[in-house]
Each structure stands twice: as C-alpha cells, then as structure tokens.
Amino acid sequence: MSRLVRTSEGRSRLHTLPSIVAGALLLLGLGAASQLPAATVTLLNVSYDPTRELYEDYNKAFAAYWKAKTGDTVIVNQSHGGSATQARSVIDGLEADVVTLALAYDIDALATQGGLIPANWQERLPDNSTPYTSTIVFLVRKGNPKHIRDWSDLVRPGVSVITPNPKTSGGARWNYLAAWAWALKQPGGNDATAQAFVKELYHHVPVLDSGARGSTMTFVQRGIGDVLLAWENEALLAEKELGPSKFDIVAPSLSIVAEPPVSIVDRYVDQHGTRKVAEAYLKYLYSPEGQEIAAKHFYRPRDPPVAARYAKQFTHIPRLVTIDAVFGGWTKAQATHFADHGTFDKIYGQ
Amino acid sequence: MLTDELPSRARRILPGFGLSLGYTVVYLSLLVLIPLSAVFLRSLGLGWGHLWHAVAAPRVIASLRLSFGASLIAALLNAVFGLLLAWVLVRYRFPFRRIIDALLDLPFALPTAVAGIALTALYAPNGWLGGFLEPLGIDVAFTRLGIVVALIFIGLPFVVRTVQPVLEDLDQELEQAAATLGASERQIFARVILPALWPATLTGFALAFARAVGEYGSVIFIAGNMPMKSEIAPLLIVTRLEQYDYAGATAIAVVMLVLSFVLMLAINALQHWSLARHGGR
Amino acid sequence: MADAEISGLADAGACLSVTDVACAHHPSRRRRLSRLVLIALALLFFGLFLLLPLLAIFAQALSKGVSAYLDALIDPMAWAAIKLTLLIASIAVPLNLVFGATAAWAIAKFEFRGKSVLITLIDLPFAVSPVIAGLAFILIFGAQGGLGAYLRLHHIRVIFAVPGMVLATLFVTFPFIARELIPLMQAQGKDDEETALSLGASGWQIFWRVTLPNIRFGLLYGVLICNARAMGEFGAVSVVSGHIRGLTNTMPLHVEILFSEYNYAAAFAVASLLALLALATLAGKSFLEWRQPQLRQARREPS
C-alpha cells in the first residue's frame, strides 16, 4: 500500500517522461535548424586520402575568392579515403559535387560504371584535368640505417616495406606501377621479370592499409617497417609535421609521374544546382593562388612560375616515366594489374 | 513464479498486453531480426562453396583466432583481477573506495574510440608506460600484447559487477562457522567463499569474453593491424567492405555471429544456474 | 556473540568483516599484511588499466595549452560533430526508451509463452560486433542491397547519411533501457497496477500514474547509459557514415580523423569532452543507485 501512497507525490514526477521527450524534440529541432542558413552553396568534395591538409587550406581560399566575386558563401565538405573506395562510394550513392581522386581510372569508373559523368570528362580541364602532379619516393628512418637507395634494395633480406592496398588506394597503385616500371627498365627486363620483382616486393610488406595516409601512420606513428613507399607530397608532409630529425627522403633512380585528376560529377551538380560553383571550384585550382596552395602542400604545380619558385623543395628523380608510355594508359593498367585475377591478385593470393 | 500457477484468464487482467507485445515484437523485428537475417541470407546466397572458400582463407582464420584468443586471455585476467577487486571493494575499507567503485564502470561509459587513442598514447614508445617498457624490450603498442591490454580495459567491469552483489549478499555466518571448526583463511576462501562466487565469476567472464570478441574501436588504434599477426576479425570485415567485397565481409560476419550466439546462449544458461543456485533468497 | 568467542575467532584469523569489533582490537599482523597486499594489488590493477588511460586523455588534451584546447573545441568541424552526435542521441534514446518501457510492460506484467525467448532476442545486439551491425544495414539499404534501387529512385539517402547512422546507433543501444526496466518491473510485481485497475483506472492512467513513478529511477538509469553508448558509438557508425567531414562525422569519428592527421592534441581535446560525458554518466549512475538500491541488483546482468 505504501507505493500507492507514494503516487500522490509521484504525480510531480509524471513530468519526467514528457520532459525527456520534449527535450529530445528540442534537440532535434536545434539540430535541424542549425543545418544551413539560406543563400549558401554547399559542395561535397570526395577526395583521396592524403589531400586533407591541402583542401582544408584550398577551401578557405576558394570561399574567400567566391565571396569576393559573387557575394555567395560557399561551404565545401570533404570526405577522404582510399581512391577506389571513394569512387565506389560515389557510384553507390555518395552525392559528390566534385571528385578529386588519385588516378584517372577511378574517375573513369564514374562514367563507365555509374553513368554519372560523360566519357570525355578528362578533356574538360587543362592538363588532362590534373592541376598538380606528384611522384613516388621512399621515406626512411633518419640516417637510413638499412642503406636503402633504390628499388633493388627493397627486396634485400630483412627489409620491411610499407605500401597501401592497391584494391582500395590510388597511391598504392602508383607505387606498384612505379616498381613494375623500374623492373621493366632494367637490363633484360620484361613483364615476367617485373612480376617476379613485384611479387618479391610484396613478400616484404607486413601490412596493407586502406589508404596512403593509413600507411603513413603505420610507418610514422606505429614504427612498423624500414621504408615507406609514398606520394612525394605525403613524404614531405610527414617530414614537416614530425620533424626532419626523424626521417630522410630517398629518391629512387626511376619513378612514375603520378597524375591525380579532378572532375565535377555531372549527375549530382545538376541535381543540386551547383554546377557553376563546382566548375569554378575546380578551375580555381589552376589559378596562381590555387597553384601556390598546392605547391605549399608539396604537390608539384603545373603553372611554370610557381613551379620555378618551389622547385627546390621537391625531390630530384633521375628518370621519370608516365603511365601512358609504359603501361598504355590507366584502363589497360587497371585491367592487367588490379582488376580481379590481375597480376596483384596472382601475387598477393588473398 | 507464483503467477505461473494462476489460470490464464486471471493472468491478463491488466490492459495493454496485445498492444505492448505487438509493438515490442514489431520493433524488435524491424531493428534487430531483419538486419541480422539479411547477413545470414546474403551469406547463404553465396553458396556453400564460396562461403567456405571465403572463411577458410588463412588470413580469416588467423584473424578469428586472434580475436577469440586475445579475448580469452583478457577475460581470464579480468576474471582473476575482477574477483580481487570485488573482494577488496566489498570486504575492506580504504580511502577513495566509493570513488573507485563508481569509476569501475568507466569502460561502459567511455566511447571505444576514446579508449583506443588513450591506450595508444599510453603505450606508444613515447608514452608514459611505453617509454618505460620499451627499453625493457616489452613492446605493447601495435602488437598482440596491445590488443590484450585494450580488451582488458573494456572487459574490466564485467566480472566485478557480477560478483559484487553476490559477495554483498554472502552470509558470513558460513565463514564464521567454518572458522570455528578450525579452517584456515585459505581453506575458508577455497571451500566456502569461492564456490559461492563461482557462478557469478563465470558469468562475468563469459560476458567479458563476448564483449571482447566483437570489440573494434578500442582495439584498432593500438593494434598493429598486420594481417596474419595482429589483425582482428572485425577489422578484416571492414577491410573487405572497403574493397566492396560484400561476399567476403558477410562470410566472416556470419562465422562471428554464430560463435557469438552460441556464447550468448551459454551465458544465459550460466545466469540461470547462478540465480538458481544463489539468487533466490 | 560473547566477547570471548569474538576474540577467539579473531585469534583464529577468522575476522572477516572490518566492521566486526574484534577486528579493530585484535588484527593479526599477518592478516593486516595480507589485506594490505590485496588492496595494493587491486589498486595497482585499477590504476594501471583504468585510471591511467583516463588521466592520459586529459593530459594529452592540454599538452599544447589551454587556448589550443579551446580552439580545438570551437573548430567548425568539431562543432558540427558535436551537433550531429547530439542529434543522433536525441533520436535514438527516446525511441529505445519507448521500446524499453513497452517491452518491460509486456514482459513484467503478463505471463505468456516464449517470454524467455523474447528476452534472449532483446539481448541479441550485445552479442553482435558493432561492425557487423553496420554491415547488416549496408546490406539492406546500400545501393546493392534489397532496397537500394527503390531508395535511389526516390532520392532517399540512408547509407552515407544521417538516417543510416541513426539506425546503426538504434541497433547498438537497443537493449539498454529494456534490460534495466525488465528486472526492475518484475521485482516490483503487479500489485499496484492491479489495485489501480480495480479502482477504475484505464490502461494509460495505470502506466503514467502508477508504474512510471515506481520505475522512474530505473528509467533515468537506463536513459543515462543508453545515451552514453549512443554518443560514443564508433564501429557501427563508422561503417555506414561515408566520413563526410562536417556532415556525417560524429564526435568519435571526428576523434579518429584528428588522430590520423597528426593533430593529437585536438583529437584528445574532443575525446576529453566525451570523457567528461562518461564521468557525468558515472556520477548520475552512482546517484541513482544511491536513491534506489534495487538498481544495484540489476548488476547481476551486464549494463
């Protein structure tokens, strides 16, 4: 009976549940209302893994430029991850306004598999829609204790190599092809010897992260591996962030010109009504200011005066090859090496 | 329960049975049963051959062994130290006892990712503990040892919390009687106390084990994530997902689900046993 | 017990409760030593595995100074993550609250066949790795999934958007409130409700005026831990989110991003907010347990 008596006092407690519900609705309303003020444009830039710092700065610059030019506020949202994974996400429904990925094949997939962009997307912007380039270098521990000078050193006994998963990462595929290209260009080199070399190389890889940044973290933060195969921009950034007293950069004798292209995603910009801004966003990458920002983040700019000014910070690689010359372009390279049952599957035997 | 003996008409005098049971079942189905069956159905759609192939790969087996093995070790350690902690908290008085008791639930309340980065910071070579252990040759961060440490953290409260109420309820007359009969402290503990605590300890151990097996957020930061060596099964599922290999991801998920369900049924049986033995007082 | 018997017991080393008067007067040195050793061992384990990580969070967060700490928190991305976390929790917790109360009502106040099966099913999410929960929703709502084509056609975004994250959070926090309320309501029995019924109250009146006040502490307790888990969920949400900074990153996901961008101090700054939330949850839990000691009995089962 005592409990029944308590109910009269319990009446004041009746407000507990309604107030919880009211509080929840209030939070809901706040959350919804705070989404965006009117007269603002939002873009989603789906990018590959290492470009986080680059686009953080670039987005601020572009917003300032666009505001000065048109008075509109631009908010650019970023998503980063392995290039192939990102492309697949866009095809699967991640509504990107622009994609800035690691290699042309991943953007091609948006056309061929997703029907999201036209087949001639790469001709729409200068330099094959690639406003900046990079290359592949080696990052080693300070003092280079294992004396790693070139690709041949990577397969020496006891050398541990870090490189990401070519199935998900763009940088990983550039790494793979650079290694293959080097082996091809050796005296007596052909596809068979190249495959043997790359196979041996992957025997020295203890872990495959899903993206270039993940591999950098494994090498730099977790202290795993003797050498990191990295985008030049990623290696230089690691050096800068963690101090040149920790790492050295080694230039291999041969490397590949890595071209990470950009494109708007036609289906989504038309759906969102953001085509004009998206096109301007990408074009601004080619402007002097855009090129300057890229160079500051260790990407090799296309613009000659900017390139000249920043030439010293980049690694000198004796021989640079291109994917078109050595592999006949990305479509062929992807089919041969990275598609199901390609050379990577044969080598890694997952 | 006494009410079991009442005629069924009398059992349902309160209103709202149909509505509440209906809502419960519908909500449960929509949110839990249908998604889980989607996993099973997808894997069955692969066919037994592919399913076996996906699961029997060495990398998958290694990750499952690691997940279950590390969880077992962590749960065992938590059982031992959880028992100790429960004992000390219930039977002894010392400063800050109440605060420590309250803090013990921290692994329940703290987000797994936060625990993950905190443990990584602690045990990394330049961390408070890592800097101390590394010169001794003990590498914790990015090794299997780190995984066990993370799993100890998240399983810590389970045994303590299942043993504490039992210990609090324990009738000390039994111990005092044993003492008057001449039993030594050790004998009293082994013959009187431990058997009474055994079901609760086992339950806590099984709960800690089950939680540790599926743990993701607190482990991936401190683990090396090296295939065949320090890659846990949930991470392998995510890796397969990132490659859009739904088949592979689903296959591993199904194996984990089946093993976890078996574990859960065992836990439920244990709890019934524990309550039957000790609870109805 | 007579004094002689008590001291006899104490000499035999059988003084087991510190509140036993004999203990205070006749503690044997050996027992005092073993007690100290046990306490020290327990505290060492506690300190090493629980206290140190907690302290490390705050130490790392403040490692670059207080102003850097505050900067990390008012950063727009961090702020967006905080708002998203609150939004998801404010949807997930009430929904699971309604479910928990409804399920507890059905289970505690009625007899029916299959009750134990139902309880076991409610516990299912505990046995499922969060990553698998995320996978399950991708299989249903993803573009390749059963509903994929339909959702694309109608421009409904579930995966890579907030609804998917809400679903994943709902799954993971599903049992918490039900598990608190079911044993509590079972222990409280049906007498009050049946009395109210005999006095002419309707179903809703019985629930609001009789049941709810009785379970209010258990309810708050369940809401507290459900909320802590909802805000802290990582694995399930990570799998379905698409990682769009500023849009589909919750606080735990944001912590991961900061951590992987060499920004350790900022990562720990956001993490410290979550840690403070955890501590507040623990304080709330302790308070509620003090007010309703019955809740401690529910500890026989996991929270």
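Side notes on the structure shown:
Going in written order, the chains are labelled A, B and C, and every chain counts its residues from 1.
The rule is short, and it goes like this: a contact is a pair of C-beta atoms (placed from the backbone, for glycine too) under 8 Å apart; a residue touches a chain by one contact, two chains touch by 3 or more.
Treat the numbers as computed from the prediction; the structure is a model and nothing was measured.
Chain contacts in this assembly form a complete graph, since each chain touches every other chain.
For subunit B, the chain with the farthest CA centroid is A.
Centroids of subunit A and subunit C (each the mean of its C-alpha atoms) stand 36 Å apart. Rounded to whole angstrom, the centroid-to-centroid distance between subunit B and subunit C, based on C-alpha atoms, equals 14 Å.
Of all residues in subunit A, those that touch two or more other chains are 81. Residues of subunit C in contact with two or more other chains: 144. Partner subunit B is touched in their complex by these residues of subunit A: 81-82, 84-85, 88, 165, 167-168, 206-210, 218, 221-224, 350. Taken in their complex, subunit B has these residues touching subunit A: 57, 59, 124-125, 141-142, 224-227, 229, 231, 239, 242-244. Residue ranges of subunit C in contact with subunit B, taken from their complex: 9, 12-14, 16-18, 31, 34-35, 38-39, 41-43, 45-46, 48-54, 56-57, 60, 99, 102-103, 105-106, 109-112, 118, 120-133, 135-140, 144-146, 167, 170-171, 174, 190, 193-194, 197, 202-203, 206-207, 225, 228-229, 231-235, 238-239, 251-253, 255-256, 259, 264, 267-268, 271, 274-275, 277-279, 281-283, 285-286, 296-297, 299-303.
Those residues of subunit B lying in contact with subunit C across their complex are 3-4, 6, 8, 11-17, 20-21, 23-25, 27-28, 31-36, 38-39, 42, 81, 84-85, 87-89, 91-94, 98, 100, 102-115, 117-119, 121-122, 127-129, 149, 152-153, 156, 158, 161-162, 164-166, 172, 175-176, 178-180, 182, 184-185, 188, 200, 203, 207, 210-211, 213-217, 221, 233-234, 237-238, 241, 246, 249-250, 253, 256-257, 260-261, 263-265, 268, 271, 274-275, 279. On the side of subunit C, the complex with subunit A involves touching residues 83-84, 86-87, 89-91, 93-94, 97, 142-144, 151-152, 155, 157, 159-160, 188, 191-192, 195-196, 208-210, 212-214, 216, 219-220, 223, 242-247, 260-262.
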